[in-house]
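Following this message is one structure expressed as structure tokens.
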Amino acid sequence: MTPHRWPLRVYYEDVDLAGIVYYANYLRFVERARSEMIREVGIDQAAMRRDGSVFAVRRVEADYLRPARYDDELVVETALADVMGARFMLDQTVLRDGERLFAARVQIVCIGLDGRPRRLPDAITRMAVLSSP
Amino acid sequence: MTPHRWPLRVYYEDVDLAGIVYYANYLRFVERARSEMIREVGIDQAAMRRDGSVFAVRRVEADYLRPARYDDELVVETALADVMGARFMLDQTVLRDGERLFAARVQIVCIGLDGRPRRLPDAITRMAVLSSP
Amino acid sequence: MTPHRWPLRVYYEDVDLAGIVYYANYLRFVERARSEMIREVGIDQAAMRRDGSVFAVRRVEADYLRPARYDDELVVETALADVMGARFMLDQTVLRDGERLFAARVQIVCIGLDGRPRRLPDAITRMAVLSSP
Amino acid sequence: MTPHRWPLRVYYEDVDLAGIVYYANYLRFVERARSEMIREVGIDQAAMRRDGSVFAVRRVEADYLRPARYDDELVVETALADVMGARFMLDQTVLRDGERLFAARVQIVCIGLDGRPRRLPDAITRMAVLSSP
């Protein structure tokens, strides 16, 4: 399965005084891309929320490879890496002209409003089947 | 009545590539100071929220006088300017060594979860009495 | 002259615990739209910066009319309101399905790295001529 | 060596619509705490920057253990975990009433404006000696 691709532009709000993207903001970038990927597989997060469940990040491993700069046009690639029970793992990469600037593995769970794990939406487990070799 | 004073430090997350505080972040600064002032007059915003009401900003007039810079120690001064029915107005100033960098008049209402105006907490109207000449 | 229109989506990072866009974030939204409008009239802000000049916001008057919510699709409209010497004024509106949620008048100057005003780029003054009746 | 401790309050800007701290914002919290720890060991990051060098994060491993909520009083603990050549590693934990909510290992380098690694400030390597068993 090809990774989901999502373009974004670096604005003033994103960079720090070194002129490069502030390290926490890559997590904002990849969250936007996740939201778009999740929407495209047919999951409505606003409806999920009304039903009392929500995706929550449990772990992030992030490598900052090269700095993104003000006004850069970037692409976020998102691929499902694994599904294990109530958790799934995404590999998310931020690229500029095909060069990897940032790479993260993000572990996500589905939880209820009580904070307890819930069954993943079918659309996620279906993706796992599609992306297995 | 003397204005409420609240200190803050400028961190990496706050500045843009010009090395100065990004213009939207002053609104974050003054909101933190408002939260502290409101706490000090005895209002518990977390409890208010559980009771179904919340403060909402209706209008901001903001003047950017001089830039705050990375690592600056700032003070936010907050004073009640006026109370009119279900609205109140705060004058909020960001200073560095007594010099005004940013000045805003912020109009705030209390609303219910339905978005409709609610009566202001007594602590706000009491402040108005105290601060009148 | 028709206003510049720029679409955006509301993500998790943008909303507060009331499920509505945090008030400072509208300033991020309109700054992104300004950057795109300025790019489209042919100004390269990254190049400007290398030449030692930068746009700086001097004043914002902002009305919060109705809340934008998580997952909303919004449009930012930006129109040149006035040019006066080294300053220009933009009217920026955030809409959802044609309904105005947020409206701001933003006063901007062009300054050098020393903080002193500089002559506006020609592309801005040309816009003023185009947009006059 | 006891870890550096730094208190912070959770404000409206920090939480998402689930009423819990947005995941990227923990990176802002721990960066503020790092800045304060670095200041306390005698390093002036503003002066470093004028000399053309800056700390940059190379890798983050972050575990989200329990959610922090609006209005929570938190403490960030920061301890030097290791120094290896031009890199150092910090363990940073966010706690509420002694309970661990977030734990990260952050790998940091010192780089010049050209992006190349530079020798770490002596104050960092001295800390390493102090914190070794």
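Letters A, B, C and D mark the chains as written, and numbering starts fresh at 1 in each.
Operating definition for what follows: a residue touches a chain if its C-beta (ideal position, glycine included) is under 8 Å from a C-beta of that chain, and two chains touch if they have at least 3 such contacts.
What you are looking at is a predicted structure, and each value in this text was computed from that prediction instead of being measured.
Peer 1: Farthest chain from chain D, going by mean C-alpha coordinates, please.
Peer 2: Between chain D and every other chain, the largest centroid distance is to C.
Peer 1: Is the C-beta contact count larger for A-D or for A-B?
Peer 2: Taking the two pairs in turn, the one with more contacts turns out to be A-D.
Peer 1: Determine the centre-to-centre distance between chain A and chain C, using the mean Cα coordinates as centres, and give it in whole Å.
Peer 2: The computed centroid separation for chain A versus chain C comes out at 28 Å.
Peer 1: Once you find the CA centre of chain A and the CA centre of chain D, what distance in Å lies between them?
Peer 2: Going by mean C-alpha positions, chain A sits 23 Å from chain D.
Peer 1: Using mean C-alpha positions as chain centres, tell me how far chain A is from chain B in Å, no decimals.
Peer 2: 34
Peer 1: For chain D, which residues are shared contacts with two or more other chains?
Peer 2: 12-13, 17-18, 24, 28, 31, 49, 70
Peer 1: Could you please specify the touching residues of chain D with respect to chain A in the complex?
Peer 2: Listed in rising order, the residues are 17-18, 23-25, 27-28, 31, 49, 54, 56-64, 66-67, 115.
Peer 1: Quick one: in the complex, what on chain D touches chain C?
Peer 2: Listed in rising order, the residues of chain D that touch chain C are 12-13, 15-19, 22, 24, 70.
Peer 1: Under the stated contact criterion, what part of chain C meets chain A in this complex?
Peer 2: Spelled out, the residues of chain C in touch with chain A are 9, 11-13, 28, 31-32, 35-36, 45-46, 49, 70-71.
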